[in-house]
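What follows is subunit A paired twice: with subunit B in the first complex and subunit C in the second.
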Partner chain A sequence: MTTTMQAGQRSGIQPSDQGMTPQVMLVALWQALLGVGLVWGAIQVWNMPEFFNLGDVVQRFLAVVILLTAIAAFASAFMVWQLSNNGRFIAIIMNFSFFALSILLLGQVLGLYQGLDQLSEGLWRNAPWLLGFPIGYALVWVGWRFREGESVREWLVKAGLGVMMVTLVILLLLSGLPNSIADLFRALVQPVPLLVLGLLIGFFVVGTYLSRDGARFGETIAQRESWQGWLFLLPNFVNFSLFFAIPLLLSLYLSFTDYNAISRPEWVGLDNYIGLLQLEFHTIPAEQASGTVLTQGYGEIASIGLGANRLVIGARDTMFWVSLGNTFRYCFMLLLLGVMPALLLALLLNTKIPGMKFYRAIFFLPSIAAVVGVALIWQWLYDPIIGFINYAIRFFFPESNINWLSDPNVMLVAVVIMAAWQVVGFNAVIFLAGLQNIPKEVMEASTVDGAGPITRFFRIMMPLIAPTTFFVVVTTLISGLQAFSEMYVLLWATSDNARLTTVYYLYEEGFERFQFGNASATAWLLFIVIFIVTLVQFRLSNRSSAYQD
Partner chain B sequence: MNRKLVIVALLAVLTASLSFALVANAQDDVTVTWRTRPDNQAEIDVYTSLSDSIDAKLDGVTLAYQAGGTETAGYQATLLTELAAGTAPDIFWIPGTDIATFAGEGVIANLSAVATADADFDASVFYPQQINELTYNPETGESNVEQALWGLPRDASSFALYVNLDLFEEAGIPTPTEQLEAGNWNWETFTQTVKDIGALGDDVVGFGLNAWWANWWLWMNAAGGGYFNADKTECALNSDGTRAALEFLVELYGSGETVPFGTDSEPPFIAGNVGMFLNGRWATPNTAAQATFNWDYAEVPAGPNGQSNWLFWGAYVVNASSLEDPARAAAVWNVLKELTSVESQGLVTALGANIPSRAGEDAIAAFFASPVSEGKNNAAFTNALANYAVAEAPLWTGNFGEYDAVVGAEVTKVINGELSPADFQANICGMVPALGM
Partner chain C sequence: MTTLAYETEASRRALEKERRALMTQRILNIFVYIILTAVAYLLLFPFLYLLFTSLKTTTDVFHFPPRLLPYVPLTTEYNGEQVTLYSMEVNGQQRNMVDTGESVRFGFFTTEDLINVAEPRQSGLITQVPIDLATDTGRVVNVGGTDFPVYSVEVNGQSQELLLAFRGGLSRFVAPDDPTVETFANARTTSPVERVEFQWANYQSVLQLRNLDRSLINTALVTVLVTAGQVLTSLLGGYAFSRMQFRGRDAVFLVYLGTIMIPFVVLIIPLYQLMQVLGWQDHLVALVLPWIFTAYGTFLMRQFFITIPKELEEAAQLDGLSRFGTLFRVFVPLSGAAIATQAIITFLYAWNSFIWPLVIISEGNTPNHVVTLTLNQLRNAAQSEPNLMLTGAAVAILPPLILFVLAQRYFVEGIANTGSK
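Take a look at the complex of A and B:
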């Protein structure tokens, strides 16, 4: 109640300010106009001859979404007119959402985003001047060490701020600020940017007014907290929608089209999925070539001996199946080398010996290194002619030479070794946290009861760190199913299909062969695989979670 | 003083000021944006200065060079995204194999009309193999500039053997160039040379290449094989020539005296452990900068079907939307011509990574005069370009990427010993995607 009262006092509106006012009428009118504008926008989108090369479905879908938003705007206009708090709530969310979108749109129409590269170039050219900021901040920081009221404090803070301001001005002048300001105004004084700016201001004013006028609509504290919560979520929601949810939906749509990024997608239904999954089975004499029976465009992915005959399994998209098999093999090996050694390492790191914090940091280091950099180093280590690993092997076994990055039977192992080296430290730290959460009393009691180290490990520790193990296994497995960068850097030189994981295949299909429809379908099939695998793990985990209950 | 207030004020000023600074410069001139894929900062610098000099030369045109691609987004991915969004530059470089896809989708302009209207333009100054591909009209199946012009070639590169002369001296065997001059440089002597160099030690091998299509196609051509029939409407990978080339490569790699197939051959070559390294001209800057041994170029040995080579190239093409406005179209065409002029190509090829796409003596002279060319057998490249290099061709009858993905995997299996050349010959044409107009 106190909060409401204070808010009411701050906004100058008292509970007695009930009833219709010109402001409320204007807001209702604004919402109605917004609805009209949205209807007009929906019609425009619906009738556009070309919509960013994305095809009719996206165009129609977007038009419908705009139309639904228009209906919400009309509804809120009517409800605001009726002084309904729900109508006000819809209008607040709507106005602040459009305010956020208008900022993004204004940046676009003013060409702000295209200037990012130029800005980074300008800053790079004048990089030495950037030193002014830490110097200025250092002066301010030193000033703040003095007591409030002391003149030296004031002087240092002002000097520091001055240094930063001068630095900023110099940097921006060197980057051509006067020209840029002139360009900004030139760009702004155009019908479209002015319209966007006007709308932006309108959304902000209406949203702000409504948010401060709760008393007129009979708002309760719970309702206020509700819309304020939603408002806090709004920036993240806009970000999530624009850069995650909408692309995700778009990729789902594209998976049903023949999209190649440069032409209008045509709806092909399930063709991409069928193309990826379609198999053929033929029984032929053992010595007969599979090419004689497989349909044009099909390749053999497996052959099973049946006495004098063999069963040939052919796939329309051989590479997809091979990549899927490789991905599972990779995951299996990664789990073996990335989880179990991590547990052993965690047990070692859990002991009290001098310098253990140093070792924990050392083992954790690989996990924070960039995959590409790490892979480049391993590429040198693995080189069959000049690599250190083969030098070492040849030292002990002069006739041996392992082709780490080109032998189809070895290359995946090479990648797993590198990936496991990188992930073990991270997993060990997670396990370590789990181990340190085990109550000492339980361990002591088991020791008193006569349990040896092995019994304690399997009967006490393992069950108690089951949730940690589950987390480590799931995250390692998902990272394995999504493996790409490691192969992309380490195995770029070979064309052998043994290099392909599903994501690598997806990348090549999209960005090298322009088959974005097929690549999207692959991504969704991979999503289904990851979902099923994770679901199974959840079920298994629940079954073995007796100690958690 | 309130700290929070100070910080907020500073952030506000910074944000506002940077926003101003971010705004792109508006110009009264026609602004033409162009992009090519550089390999390193030195190339970016050269292309930037080239852009500035053309900008100064052309009245009424402001030229903006974009290096293209970032550390997190490759050149191709960035370009495709921009094409989809309608924000691609006016002129951009694409590999020769992509011409058909881009032209087929209508995203690059057919410059035939503007080229034929320009009396100063002469397509014959470029290597005929490239111009033949760039003027191909898929509807008539003919190649001439009156029907089509999909762009102008940025550069050209044939393949040559980068030879570690020190290893040859150590082995006491004649160099490839000496054997060529003696009329004895063929697959047989090449194989023997590889074995002789490989015999120098466990960590020395005779030969290496990087496994992508040009590197096996080149040998297929030399044996009379290849990917396609003459009009590229049928698979020709089941030919005896292709099989002969694969059998040769299987024997070569089976000797164990090569960098394993599918391993990057450049690092061991630069380290001085490889006798001969097959690559295009683009390997020159790195070799010149890092090799600590005596090295030179040599021509690729002749196969059963005679001498052959590969002409790898890319072209500057024009965004189709850039031709919609006549004033802009004229500006873009002038820039395109300048980007492929003798002076421009001389500037770029001086870096060593490129060979001019102009076949004329002036361009070749500029190329030979560059510091990185000095004292080297550059004729290994130019002879091939002028006489027997087969140009990499766009595939108008199918998706080259899809086709090559299948072929590459199968060729790798053959050379790694997982599949016999005979089985390859029997099955491959059934596995590749069907071709057809």
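Take a look at the complex of A and C:
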């Protein structure tokens, strides 16, 4: 009774807003029922005989999470009963989250998502109608050109939008939407979809009711903003949880297991990581064969001459180390060819000449094309006989004949050249933006002070664009560390280890040899490398930004 | 008076100096233009190669030495058949000839000094005549251990005795309009008359090849849905992060920021598992729904919304607009450039994505392929037809290119700005 009084005093607007009502009781009951349902769900998950082959750990973890949600539901039921605004907050968030999840679930139980394939097929069958979209867009575009004639402009925009709308309706009708809707209704009249639909409506009604009845719970403006903020974030957060956070945790777990997609994952601790990273070092006389000293199962990855002796480095997973070495080599070359020329291009573009924007657009062009398509072009440019690259080289070295895509010594270089071609214009545009951000006065002052162009470049420009440089280096490096498609498409004809990058190794390990545990561990090692690179960049750029003050 | 003269002298000198500076600037600019144009040509060359090769015939692609423009051999009607025209010199004139298909035995004659004993076919020749028109003298000359028969041959109207280096067949070519004009040549070394012709039909045939038309529609649908979804969730999330106070906001934001660093390959195996559990494997939905969330896009949108003055929002709320109304009536119209930038980045990412479709859509499931997958298969299947392969590549690259031309401003400037922030 006292809580009721307090709530009444706090809001104190209308007598009808105060005190317990049947609605509030119903909500509390709903929350309690929800808790019971969740407990039941947790038990079901815990007892499932075969949990999608994902293993006990995942199963138990999920059950505990559901149980925790159930506890939250019970708590909110109790607190709503007490007319506490915190309880209401939990209940609102919970109902709307479950509402969003129910929508997703309803789509799933109705088979709506697989229907996307049929929609695409329908569009394909009626492809000529797709022309309606560009026509409509063209009308809108022309409409926007009319600055003065308001009526003409409005009319054209409306016509354009109308054309697009009509096109959409026609396309949907032709793609068999009426049939799909009929199928949908038929699918809906089954126990499970109906249950989901009922829950969905329930969550929505309870959530909406609670969100409107703030006064009864003595809600302040800040409290109101709190749940509204969460509701805005909800679509984002649900997707983040389902398709990012959960897979991320699962990936971490799998990296500690032995798991080959058919068997259940078995906990092996750090074995995957150790297997990937384990090295051994032997010093042997230079003439001795290294095979004699390496432990069974180890392969040589490097051998360094030390006078009369040599140091042999063996690894348990030679392929991993080879791929790591290739990745670093690739990144190094990509930085050389993709960043430094970009800076030079940006300096050229920064001369304030007319037509600069035209050149900038052209330089940018390679970066928008798909790697797969680009690799097809370069495959023929690299052809030893009819390719333009060897043709150009033969002008200077008539005897040369480089087998770009099959010689293990140059194939990585071939990929780097292609990748640099794609990235150089992009980087130049970013450098140019950095250069244009340098205040004019600084450059003028330095010229007055008698600094030559070279001094100006190294002493003034470089420090001032240091943050941009770091950004370019790190983005190039991170994309280089994840290189896969370039090699996969360009070096398809070879099976030489020179084509392996870390992600390529991961791909083969995961989707050709189905060693999911080991592949996950590889992914996390790659993440650690990227993390270190980013951290170093962050430190360096923090230090360098001192110049900016 | 003297001061005035001094001033004019000074101003004249200043003017002169300025003009000279302008001149230097102009020369420098020309220099810069030349370099920029050269670099632009170099960077565009693969695209030019793509465009022109996609319009070639298959035989033309394998022409050596390589050339950019697509050529087809010129043909004419001869004896009721379409035959190729060859360009060759006849009686000191360049003429277009056709191959009659007749072969005539020729003798290739030379002197003792010019003969190449090891490789008689490499010898320097004096003349070549049909072997029937030369008369064998019956004598032989021994050069370096090999006997060469001596023939009496007519050269420039005079009879001459020469050694027969070797014999060989030459094809008879005649002028199609005047069959009396004839010449003999080795059919393999003659160059056909060619003209530039674009094989636009390549584009038609490639669409049917390997389901490329279907995968284009799939890709377009997937890309539109992903782009719309990402922009929508980023708008809502960015607004919440920038303009609303709620419990746990900063913690969630920090987590989001942290995820930007995580490479996609970390998620690839569990996501694959998740798709299997949900039954989405091999379906287009696997390319759409997991991609609606973007930490990076949410972050970009938040950064942009922070710059919008608070007064605008307060005014809108005083006018009775809800939070939702404020976002879509006030913030969205102000953020055209930011939304365009994000939409473009997403569009490119979705259109060009390869590793995830490669993993999740199986090779045999061609109806659900996206363009990158189709190109990957085309690469294997059309190795003997590079022109069609590159036509396919051109078709796949074209839509982002069109978007680039339409929205160039947002592309370049938007992306430049994300870099400098």
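As a convention for this text, the second predicted complex is superposed on the first by the 462 of 549 C-alpha atoms of A that agree within 3 Å, B and C clash if a C-alpha of one lies under 4 Å from a C-alpha of the other, contacts with A are read in each partner's own complex, and residues count from 1 in each chain.
Quick note on the criterion: contacts are C-beta pairs under 8 Å (C-beta built on N, C-alpha and C of every residue); 3 or more make two chains touch, one makes a residue touch a chain.
Predicted model, so just to flag it, every value in this text is computed and none were measured.
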After the superposition on A, what does A:Thr208 contact: first (subunit B), second (subunit C), both or neither? neither
Return first, second, both or neither, reflecting whether A:Ser84 touches subunit B, subunit C, both chains, or no partner chain. neither
Quick check on the superposed pair: does A:Gln537 touch subunit B, subunit C, both, or neither? Answer first, second, both or neither. neither
Given the touch rule stated above, what does A:Thr455 touch, subunit B (first), subunit C (second), both, or neither? neither
Quick check on the superposed pair: does A:Asn350 touch subunit B, subunit C, both, or neither? Answer first, second, both or neither. neither
Touch check for A:Trp380: first (subunit B), second (subunit C), both, or neither? both
Once the structures are superposed on A, label A:Thr447 by its partner contacts, choosing first (subunit B), second (subunit C), both or neither. neither
Quick one: is A:Thr494 in contact with subunit B, with subunit C, with both, or with neither? Answer first, second, both or neither. first
With both structures superposed, pick whichever of subunit B and subunit C touches the larger number of subunit A residues. C
Have a look at where A:Ala289 lands relative to subunit B and subunit C in the superposition and call it first, second, both or neither. first
On subunit A, the residue positions that both subunit B and subunit C contact, one per complex: 52, 113-114, 116-117, 119, 379-380, 385-386, 391, 492, 511
Per the touch rule, the subunit C residues reaching subunit A in their complex are 28-29, 32-33, 35-36, 39-40, 43-47, 49-50, 53, 61-66, 213-214, 217-218, 221, 232-234, 236-237, 239-241, 244-247, 249, 252, 256, 259, 261-274, 276-280, 283-285, 288-293, 295, 298, 323, 327, 348, 351-352, 354-355, 358-359, 367-368, 371-372, 375-376, 378-380, 386, 389-390, 392-394, 396-397, 400-401, 404, 408, 411-412, 415-417, 419-420
Under the stated contact criterion, what part of subunit B meets subunit A in this complex? 1, 3, 6, 10, 13-14, 17-26, 66, 74, 76-77, 80-81, 83-86, 101-102, 105-107, 202-203, 205, 210-212, 259-264, 267-268, 271, 273-274, 399, 401-402, 405-406, 408-409, 411-413, 416, 418, 423, 426-434
The answer for subunit A against subunit C in the complex is residues 52, 54, 89, 108, 113-114, 116-117, 119-121, 123-124, 127, 130, 222, 225-230, 232-237, 239-240, 242-244, 246-248, 250-251, 254, 345, 348-349, 351, 353, 355, 357, 359-366, 368-381, 385-388, 391, 421, 424-426, 429-430, 432-434, 437, 467-468, 471-472, 475, 478, 481-482, 484-485, 488-489, 492, 503, 506-507, 510-511, 516, 519-520, 523-524, 526-527, 530-531, 534
In their complex, what parts of subunit A are in touch with subunit B? 52-53, 110-119, 122, 140, 144, 154, 157, 161, 164-165, 168, 172, 175-177, 179-181, 183-184, 186-187, 260-263, 289-292, 294, 296-300, 318-319, 379-380, 383-386, 391, 394, 398, 401, 403, 405-408, 492-497, 508, 511-515
